[in-house]
Amino acid sequence: MQKIRASVIGASGYGGAETVRLLTTHPQVEIVHITAETQQGQAMSHLYPNLRHFVDQIMVVVDAARIGQGSDVTFVSLPSGQAMHMVPALLEQGSKVIDLAADFRLRDPSLYPIWYKFSHTAPAYLAEAVYGLPELHRQAILKTRLLANPGCYPVAALLALIPLMRSGKIQTSGIVIDAKSGISGAGRGGGGGFGFSEVNENVRAYSVVGHNHTAEIEQELTRVASTPIQVIFTPHLIPMTRGILATVYAPLAEELSEEDALTLYCETYSDAPFVRVLRNALPETKATLGSNYCDITVKINVRTRTAIAIAAIDNLGRGAAGQAIQNMNLMFGLPETTGLYFPGLFP
Amino acid sequence: MQKIRASVIGASGYGGAETVRLLTTHPQVEIVHITAETQQGQAMSHLYPNLRHFVDQIMVVVDAARIGQGSDVTFVSLPSGQAMHMVPALLEQGSKVIDLAADFRLRDPSLYPIWYKFSHTAPAYLAEAVYGLPELHRQAILKTRLLANPGCYPVAALLALIPLMRSGKIQTSGIVIDAKSGISGAGRGGGGGFGFSEVNENVRAYSVVGHNHTAEIEQELTRVASTPIQVIFTPHLIPMTRGILATVYAPLAEELSEEDALTLYCETYSDAPFVRVLRNALPETKATLGSNYCDITVKINVRTRTAIAIAAIDNLGRGAAGQAIQNMNLMFGLPETTGLYFPGLFP
Amino acid sequence: MQKIRASVIGASGYGGAETVRLLTTHPQVEIVHITAETQQGQAMSHLYPNLRHFVDQIMVVVDAARIGQGSDVTFVSLPSGQAMHMVPALLEQGSKVIDLAADFRLRDPSLYPIWYKFSHTAPAYLAEAVYGLPELHRQAILKTRLLANPGCYPVAALLALIPLMRSGKIQTSGIVIDAKSGISGAGRGGGGGFGFSEVNENVRAYSVVGHNHTAEIEQELTRVASTPIQVIFTPHLIPMTRGILATVYAPLAEELSEEDALTLYCETYSDAPFVRVLRNALPETKATLGSNYCDITVKINVRTRTAIAIAAIDNLGRGAAGQAIQNMNLMFGLPETTGLYFPGLFP
Amino acid sequence: MQKIRASVIGASGYGGAETVRLLTTHPQVEIVHITAETQQGQAMSHLYPNLRHFVDQIMVVVDAARIGQGSDVTFVSLPSGQAMHMVPALLEQGSKVIDLAADFRLRDPSLYPIWYKFSHTAPAYLAEAVYGLPELHRQAILKTRLLANPGCYPVAALLALIPLMRSGKIQTSGIVIDAKSGISGAGRGGGGGFGFSEVNENVRAYSVVGHNHTAEIEQELTRVASTPIQVIFTPHLIPMTRGILATVYAPLAEELSEEDALTLYCETYSDAPFVRVLRNALPETKATLGSNYCDITVKINVRTRTAIAIAAIDNLGRGAAGQAIQNMNLMFGLPETTGLYFPGLFP
């Protein structure tokens, strides 16, 4: 089989670089172009010394038309609001697109000004974009040319909530998502407030009300529930590099035993190769480090009639680049696990 | 003024050692006895090298009667279920007692078998014991000889919830407390699962349902609300040594603006020297490192009609030893801030 | 090609578990037995949750004869002094052996009582054992059935020193090796002193004089120099999980420019697939995290006539399990990089 | 006694902020002015939330003449090369000066262009400036109005080497200083390369040849030895916020037992209140966290005839602000330990 020609726009950021890292060992992929704006002209391996001898290629500035022409798939890993300017050209030139930012995640263009403070410039493409969570939309992913890779928090939050929401066993309001993330989620730039000395031995919440990932979580839960869902979502930064743990609290609508809840999760994810439902253990992010796995469990607090679901992922793996490669595999008819079937690092 | 003669039972654990550390610089205290079981015969400064030249004293085994006789106050910092065997002797010999464990926190002796898996052997003392959160019980603390120092999580959770609960603005059910703690909360022993390599770059929940601190949180909230309160409390371990951040979600019972909520907090804590209400910033544990401060703010999520209060403390400071010294000050008629009026370490 | 049947004795320790992790994705290997003493009867994935769905196999107690019979190769990852009791049986049953401890690293049996405090019980095997640093002994490794995998510190120290020592440009005394290691080097047990709270925000030296890795460093340097070499070696523990950085100071015996020194390194390692010589950057452990690479550079301090070589590895990768797999590849005639050709995790 | 009026120029950096923190609890000091360039107009406690309720004062821009007039002492904590422009005015207005940067550390003005890449603009003041290491220059410090506070690395390196150098037991060449520092040494700005994600789980050397602290180390050792001394000094960054561990290797000039070496250290520092010589333990930075102590020990490697001295400090405490306060105490005739007599934080 001929290799898939893949390009990465925005390779100097953490999401883009992790995509490049995973592509280097993907057996069916050949990397064609890698681009970076501020870091153009530098070797990829200068910024990412782990890639020495693997990707010593120079990062160039974006030329969407040229990239689209020479690529079977283009990963776009830029701050939200930039991909929408390039995607039309990329698609037109025949490249499939996997966008790691938010530009094509929301179906309703009117939500962008509200949650992202920009107006969408390519709203026509929102209808064909597929939200790339395979556990929800595997069939659509197989056929799309424009994939909106989910946000890191939504991956964990949705995988934790879907079985309960589908089952109708929980109430449709009062759902709390308390998420703890490693610092790499803030991106490579980091800067003010993300220096080691400020972050180490520290934990803090941020965007306590109104984090923009709320929008896609609600959109997808609403689709699952077929009724409007609003959630309370609070992200926190904790002193580690990678990983997200989402602790989700859902008031029960009816009786549900822990055993039945676990069975629900096992059944929901029986054919999901990258979800591991834990029956006798609690998820921890370290078990997923560097991998594409999501570890989940569910507990029932009988006294307060609450289901507590907990999901752990690597925010750069299942929460970004790993998820993107998994989607690429589906979009190109490869086995879903190609290039991703390896355990994380522990300890 | 004659110095207070203070002893510390269980000085080799983190809570006891932090008490000793704070006592070394307290201007009105003289340390008399320090005890340790497994570490007896060792110099305190061998285990705690920060105390070299300060406390090179040898740790001895407990002799409650002898300690009680020679001490004006005895801090007992042992695993829950042990202090109750010593406290009667200590009190009888004339020493006031500050217990850092749970033995005298719950007023109802029948709760001990449920939450702590032991039967109380000195239930007669529960009635006179005072729960040592000055913001709730300052007057009673002034007069007691038996003080139950609060658990680390309850300090943060209660300080975050009291103003809202008192105001009647929140509902009395559906309250979620999601807490993140540094590893020192697990104690010096540590052992299985608390090794650096397992904890670093990792976050996990534990005791997802049924953590025993739930009991005292509910007891105190019930007193404040004058109606039975049950809460959903989930602690998490994050890769840092000290600090607790509690994020508390409370469904509103009636309209409440963020401005009014903040005013509520400022008023409630106007005469609390160790609570800092933040108007334009979010609490972070690092701002409290090594100190006795609790930093708090409150946000209102209007869409979902939820109040979100966040509190940060040092689990060994305000969450244990600092709180204990503050209570000692009150019990001995000293200014509340004596020996505690210093800022934390940053960065 | 038929797969290599591999067993791992001591799979519950970090070195053994990392070997298992790497074997799970090695295309030419089938894992046969995994053993553990204290953890026997447990699933591998219970202790190492990253291996869920990969190695849910139960760990059994060692039966060397049985393992030797069914295995083409056996990795022994036990504390030093234990493998020597099993290796004869393993070899006799036809299994090749790769020992990750020190039992077969020293050629002179009289050194064991001195450096390791035990007398060797199988000294007859020391002559045939090959010290498994491919950059020194590739030809011998190809033919051996008994491989002594180097210690973690010696890998970094030797790779940093070999080019200079071979060249004769440095003096043969006064060499200082100052090494900084992550905590996983202390093993999974950890316990006293390796708890997160003691290790975090801390750095300390240990075994300041007389660390037992000194013996193999000196043995191999002596072979290279053909004259007795003694070194000053000091290991340090720093607050990270994985990684070793060795900073080596060697007094120059004659003039050597930095450019010439770098050329020396490039030439020495021109056919070493897992050594990366850095010309314009300094090694950092993070660039090797989870991989089998050793990154090296050399600087010349002209004022003091000193060469300073710096090497970075992952102590569990190139410093243990990765190195072991690399050696297995050579011993079985596979390409040296099989199953190891992937970059580390960054950030 | 009237309080000392103290000002801090450059209060927004870590060194300046730690000076402010220590001044807030100093019983004989009143803080007058605090200045910051880029952060002017902000409250000190906005940048340093630990100082809330302690220093909510606004940081202003520097006006050296005005500050000098109203202050008994001015701490200048700016990047090297800036203080020399202000010190003349400060002194002229009657303020004593403690400079935390390098501007007045080197006696020979010709060294500045070499090590610091700038020409000195106030060389006339170098002669009267006193290098503020009390263990070397206590008498001179008592009388000076211009104090050059030592660099963080030199404090640890010099305290580790002075007893050996004075004794004449070590050779005067071939001395290696391998230092490991927390990241706060890089300053608050941090930025490129000091983000949490790059620093965490990483160790690297920097300025491998030619770090500018080499100059003052050599200057002071030369004074002690009365013969020119050159050292090999290599700093490393390790993933922690505070702390420096210096491991010093000195070839012996004559026989010296470990016992005699330790006695030498004990005698040298018998009247140094902030040096703790360890007889049965190794220094660790955590034992000094937040304090002004330097913990030291010395080992003898008999085989290689090398003395190995190890010193631990808090780089912002004894390595900067704590040292500065200690010097202020001496300059104003206060007991040396005033405001500094407290143990560090552990764990």
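As written, the chain order gives the labels A, B, C and D, with residue 1 at the start of each chain.
Basically, contacts are C-beta pairs under 8 Å (C-beta built on N, C-alpha and C of every residue); 3 or more make two chains touch, one makes a residue touch a chain.
All figures in this text were calculated on a predicted structure; none of them were measured in a lab.
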Remotest chain, chain D as reference, centres from CA atoms: A
Rounded Å distance, chain B centre to chain D centre (Cα mean): 36
Whole-Å separation of chain centres (CA-atom averages), chain A against chain D: 46
Between chain C and chain D, centroid-to-centroid distance (C-alpha), Å: 39
Multi-chain contact residues (two or more partners), chain A: 14, 182, 184, 188, 197-198, 200-201, 239-242, 284, 286, 289, 347
Topology of the chain contact graph, where touching chains are joined (line, ring, star, complete, other): complete
Chain A to chain B touching residues, read off their complex: 173-174, 176, 178, 180, 182, 197-198, 200-206, 208-209, 230-232, 234, 236, 238-243, 245, 247, 249, 251, 282-286, 289, 299-304, 306, 308, 310, 312, 347
For the chain D and chain B complex, residues of the former touching the latter: 14, 17, 21, 24-25, 46, 48-54, 184, 188, 200-201, 241-242, 276, 278, 281, 284, 286-291, 293, 295, 341-347
Of chain D, residues touching chain A in the complex: 14, 182-184, 188-191, 194-201, 239-241
